[in-house]
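Okay, so subunit A shows up in both of these, paired with subunit B first and subunit C after.
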Partner chain A sequence: MSISPRLAVAAGLVALFVAIPLVYIFIRAMGAEPEAWQRLLQTRLWKLLSNTLLLVVAVTSGALLTGVSMAWLTERTDLPGKKIFRWMLAMPLAVPAYIGGIVHLALLRPRGGVIPQFLESVFGQPVPTPSPLGFWGAAFILTLFMYPYVYLLSGAAFRTLHASLEEAARVFGRTPMQTLFHVTLPALRPGLTAGALLVALDILAEYGTVALLRYETFSSAIFVQLSGRYDRSAASVLSGILVALAIVILWGELRLQGQARFTQMESAWRPAPLVTLDRWRVPAFLLVLGVVSASLLVPFTVLLIWSIEAFLDPQAMTVLFRTGSQGFGSYVWNSLWSTSAAAVIAVALSLPVALLAVRYPSRFSRFISRLCQVGYAIPGVVIALSLVLLVNRFLPFLYATPFVVVIAYVLRHMPQAVRASESALNQLSPSLEEASRTLGRTSLQTLIQVTLPLILPGLLAGGSLVFLTSLKELPATLLLRPAGFDTLAVRVWVWAGEGFYLQAAPAALLLVLASALPLSFLLRREQIFK
Partner chain B sequence: MTTLEVRNLIKKFHGSERSAVNDISFELSEDEILALVGPSGCGKTTTLRLIAGLERPDSGLIRLNDRVVASDSVFVPPERRGVGMVFQDHALFPHLTVFENVAFGLRGKKPDEIRTTVGEMLHLVGLLPLSKRYPHALSGGERQRVALARALAPRPILLLMDEPFSSLDADLRTEVREHVRGILKSMRATVVFVTHDQDEALFMGDRLAVLNRGELEQIGTPEEIFHESNTRFVAEFMGDSDFLRGRVVAGGIQTEIGLLNQIVDLPVSTPVEIALRADDIDFEVDGSGNSLIVGRFFRGAFNLYRLRLNSGQILHAFTDHTKILPVGTRVQARVSAEHPLTVFSEYHTV
Partner chain C sequence: MMRVTKFTYFKEIRFMFRKTKVFLFVTLLALVVAACGGAPTAVGEEKATEVVTSSGVSTEAPSEEPMSVSGDLVIYTGRSEPLIQPVIDAFKAQYPNVNVLLKAGSNSELANALIEEKSNPQADVFITTELFTIQSLAQEEVFEPYVPKGADQIPPEFLGADNMWTGLTRRVRVIMYNRDLVSEDELPASLFDLTDPKWRGQIAAAGSTNGSMQAQIAAMRQLIGEEATQEWLYSLIANEVTFFGGHTDVRKAVGAGEFKLGLVNHYYFYLQQAEGSNVGIIFPDQGEGQIGLITNATSAAIVKGGKNLPAAQAFLDFLISVEGQKLFAEQNYEYPLLPGVPLREGVQPLDGFRLADVDVVKASLDFDATFDLMERVGLP
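Take a look at the complex of A and B:
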């Protein structure tokens, strides 16, 4: 079909909307006073850079190691209880890393943590325990809540890998272990690399956990400049560097996207035979149980216990259920409407982009599609900074309204909607749309009567992803929200920061449960669990 | 009456070296079935999509029932051309039932009228009992017939069919195509039918248009295309011909297996090629003969022999099924045809 100019213009406008905040950050970074650059270069820049990169490398490797080994154990061995483990290993995606961090910090804090106190009361003297603070703590906590990305990708790859590939390796004289390392893992490499790069991007953007565990990275430094010292030119410079770093990673990820699969499901596909663990059964079981406990069971149980305690505690109850704009109901409502609005807007905006990219592939449409995925590379703090500056200057009437928060969610999570819409359209044969045209429908009627009903499940999946990630978004919400606009995430953060764990727990628990719902829809849809 | 007129149609895709469709012209009269046939990449599907309005031509003219639908200044979108199309993958709407699929093209008509028309169409293709099913619950042949019913229901001026049988199993294909040709003829439909299969083209088409590398090589009745091929490509593509090289001499054409006593209007010593089918060749056992048997294929009523001439040229010959000779036997081959043979000089028939 020949390209429709209306569609190209619509997609171009979406790309422009997405690109403006990014471009503006670079303009501000370049335009910052030379002293600001000087000051940062002399003092903090190198420390921040090494801190950030160190964390990125540590968490990415940790997530790869954990994710791949968990996927291998649950997909390719006779591990006991693997069906339920498959679910539980994916569910930490519903737990925001900072909430996991809050729980682990409360349990392990060197002074006053639950476990050190317990040990002291048993042994009568302080027992040294590992501290969750600083680099190792941050790396540990983030690995716990980031590995599911890699786990899901490698699990899917393990499942679709053709059995004959491994059988061929065996026939040519490789042992099962050699086969794993010489054939299976290399075959999964493109998918794994893509997963690892996504984890790296998330770490660059992570604010809550690193701030909580007092490990300074670019994101947390920008946040401090913005909220505390209010030094916008320093924040701009740091943001420019951070985004440049992230774009390099995103560029690699986008390049991998098209070629992310060596393996394909064929009609003659059959699952590979399972590896028998024998005497490793028990250690393997304990290992998986350990990961599931630390990332899911412990945080969930602790939140549950705290919530019950909160309901039994009259003082906490009065704080929670204050009426009006300060009550629990209003936090829930704020969270729900802002994230739902972001999901709907992001999916709607992704449609023209995806239609253009999938139905009219060209250099131009590919450029537009990639531009719309740049949100992956703009951390929440940077989006907040850019929007503060832009709205102040050009749209002052929007300043300090919840709509700016919604725009931030849309910008940040648009890539997920674009990818979901593109993959839904890719699965729809263009001949269906052509059939509708030859049967007398215009292109717009075809879109409404044929294309949209058929890609709706894919659009819902994209919307769920945007909803899920916006719900737990923290830094942009904290920086952009008008006074009094509290979401669940904000309340959890503020209360936990002030040490009111009991008050924070019900909100955190609700946040986790509300995230688990769209997540299980997504997992079921991707047929990850049969 | 002329239903479809295509004049000097040209379409070149972005980033491609040569034109997908290069200066194609033909006409189609009412009630006629034209089979567009050629190897993959020959431009037959592009021609079909240009007629449907799914692609925009670079230049050229398309007229449907005397109305210009595509030219340098006019482009009528597919929904306003009044053509029906059957797609290679059938393209049934998976979210609609069989009934709703067939009714899709009847929008704007009265409900009664829609029910009657859909009923008639489904009856015609023999699927009335399945009208409430969804496409995924149909077999390949049933889907094919729903697609046909859907395309025919709005009574299109012209029906376009893009390799409609290619997704069916081979044994089902022969049965379905007889059925479909019967339906098309009973509806007196005007059809452009695209296929890469010579047998299917010979079977379906009232006329055939052979395409190669975007150009129209020959258009004519099945008999003309098969027996009077205009170009070497058509002879090669439509029938299993061997091409024997020769040179024009005073009394005919001198070849490796003797003088062919056929006068051609070409200067002496012009190199030519003669198209030979297996029934044009005969041979006798001869220890000092001009060729060697390199293969024998038993075909029931006859034997097909594969002969290699001294130059390495391969020819095929039919013999009686009782004449059985071992591979490696030296034989004397000769042209036994009693009708004039097709002779090509520089690709074209002379």
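Take a look at the complex of A and C:
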């Protein structure tokens, strides 16, 4: 089939839309006075670089270790309660890391936290407890809320992996451990690198948690620059470097993915036999319970208790339920409509790109599709910065409207929509569309009457992902929101930042619940629940 | 309670629809303008020139009738939201037709936004926690001059040149301490005692993104010089001072016994005391030859080209009215600038203290050097 010019133009326009903020930030970074570069090189840059990379490495390894071991325990062993654990281990995705951080900080803060204070009252003297602050704290807490990426991807891989591969290794005399490391894990590699990539890029973009736990990375330093001197070139320089870093990671993943191919024959698939844990049953159970508690049960319970306290406290109630633009209802409404709009727009924009990439594979269409995925590599704070500068200069009538916030969500989370649309289209045989064309339908009619209804579930999944991730987006919302436009994420951040945990809790709880809904839809779709 | 939320929710939807319509209309308008050969930026420029021609000191009092002031009032505030909210609520009670839209952030983050928005103003009023940011912005010609009602009673050093801004309340940099952990005889008497190794790891303060801290460092640069200020900051960092994003964290941490000392604005001590913590306050540097108390003032200004000048003027009038000043004094333990407004009971009057003398205009001109200094020493 020859490439449709209309489709190519549409996809090209989408790619242009996605690329402009990226290009603009590079131009601003390059255009910064040498002074700004010099000041950064002399003072902050190397510290920031090492801080950021250290955290990326620590959290990615932590997430790999936790994610894979949790997936193995729930998929391949006779762990008691593994059905419910399978579900609970994925749910922390609905808890934004900064909300988890707020809860853990309130519990564990040295001397002032609930746990240290409790221990002190029991033992009559301060008992040293691990601190959630600084590098180790940030690494620990981010791992807790990032491992589900790895867990989900490796869990799926464990489920579909051929039993015969491992059996063959055992037949040739490998111990179970050797089999795990030499056969199973390498076969999982595509899933693991994809998971690790998501984690690494998320850490680069992370603002809330690192700011909360007082560990300075590129993203938080950019934010500090924006609230410092009256000069945005330093922030642009840092943004340029951060995006370059993210692109290197993205490129590295593509290389890694490209090298290895594992082929399995569908016909002979049967589930792998379960490993019996024997005397390891109890420790393994406790380990999984510990992970689930720290990443899901404890944050949820604490938020629930705080929310109940807030509802019992008349002062907190009046703060929560103000009228007009400062009312709780308005935060909820703002959150819901802006993220829903972002989801719809992102899915709509992803369609021409996915159609082009799947139906007309070529060098050009692959390039467009890749370009549309750079959103992964542009942290929210960078998108916000480039949009502030761009929109105010070229589209001043759009400046300081909620629509800019929506645009930021779309740019940032477009990759999820593109990937979902592409996979949905891949599963649809082109012969159906060809039949429709043969019967006299135009290509547009075919798209609307045949293709769209059939790929709708896939599009819905993409939209849910965009919704889920936009809902918790913090730095872009903080920087771009017009006065009077607050979302749940912003309210949680503002209240908790002032130390008002009771007021923050209902919004945080609602945010978690609102994320849990599309997440369970996605998990059901991926057949995590059975 | 349910009914109230539901109601506001529907009001919001209607409001959103109205906004969407306005937005569509503006979009169309801009497209027409663009199509007629004028670039969209021309809209902003036109507006700007219009403002210049109509500017000049307007001493004319805004409408006497509060009901006639209406519409959206966009306030950018560097004061944290919980501290300004009671004042806004009281203002709304007097002007029920004004819909206040608030954007809270750090002083300089909002200052950056105001500079960015000069050609396309969004805010009507700007409020900060110190005078240097507002004076810098006045020099950037961000503000519309205005003399609020009653400004003649405010001490002249708290009024901006050319009526560009108005001081609201005064606050003092103090050291608060946890009485359970620190005994009276070992208390520090000076900011410079905070570098004493005996307090290693026991002090909390606000970091470089906090307006009051930025202003304190700017003041110290003027009082003791760049070198000595740098030395002091290095020593604080070496003494393992913990720097938080804001002072609420500091006061809570000191109140909870997480830290022995906290470097804060005076009212954070009173707020913490009101929560029932056993905390004390030190007014530092009172001895002969010492720098005296570092004070600063919250301030407000009207943004040039804002969309609702009558409401902005009414709001500034309210801020320095007896009622507004009383609210600041009562709710937040601040020192009102309007003479005759009583301090909240228990607040230590400033008479009899040595106060440091800082030149606001000079400090604002040097503000960039303060940022350089904080960056150089790596203040978190």
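FYI, the second predicted complex is superposed on the first by the 516 of 530 C-alpha atoms of A that agree within 3 Å, B and C clash if a C-alpha of one lies under 4 Å from a C-alpha of the other, contacts with A are read in each partner's own complex, and residues count from 1 in each chain.
The rule is short, and it goes like this: a contact is a pair of C-beta atoms (placed from the backbone, for glycine too) under 8 Å apart; a residue touches a chain by one contact, two chains touch by 3 or more.
Computed from a predicted model, the values in this text were never measured in an experiment.
Of the two partner chains placed by the overlay, only subunit C lies in contact with A:F397; subunit B stays clear of it.
With both structures placed on the common chain, the touch criterion links A:V388 to subunit C but leaves subunit B unconnected. In the superposition on chain A, contact is made by A:S436 with subunit B only, not with subunit C. In the superposition on chain A, A:F367 contacts neither subunit B nor subunit C.
By the touch criterion defined above, A:L454 reaches subunit B but does not reach subunit C. Put simply, more of the residues of subunit A are touched by C, taking subunit B and subunit C as the two choices.
Contacts of A:F118 after superposition: neither subunit B nor subunit C is touched. Touching of subunit A by both subunit B and subunit C, each in its own complex, is seen for no residue at all.
Remark: subunit B residues 14, 52-56, 77-81, 83-85, 87-89, 91, 93-95, 104-105, 107, 150-151, 154, 160 touch subunit A in the complex. By the touch criterion given at the top, residues 1, 4-6, 8-9, 11-13, 15-16, 23, 26-27, 29-30, 40-41, 43-44, 72, 74-76, 80-82, 85, 99-106, 108-109, 111-113, 115-117, 119-120, 122-123, 136, 140, 208-209, 242-246, 248-249, 252-253, 256-259, 367-368, 371-372, 374-376, 378, 380 of subunit C touch subunit A in their complex.
Of all residues in subunit A, those touching subunit B in their complex are 1-2, 362, 429, 431-432, 434-443, 445, 450, 453-454. The part of subunit A that touches subunit C in the complex is made up of residues 39, 43-44, 47, 109-112, 117, 211, 214, 216, 224, 226-230, 232, 317, 319, 321, 323-330, 332-333, 337, 388-389, 392-401, 403, 478, 481-484, 494, 497-500.
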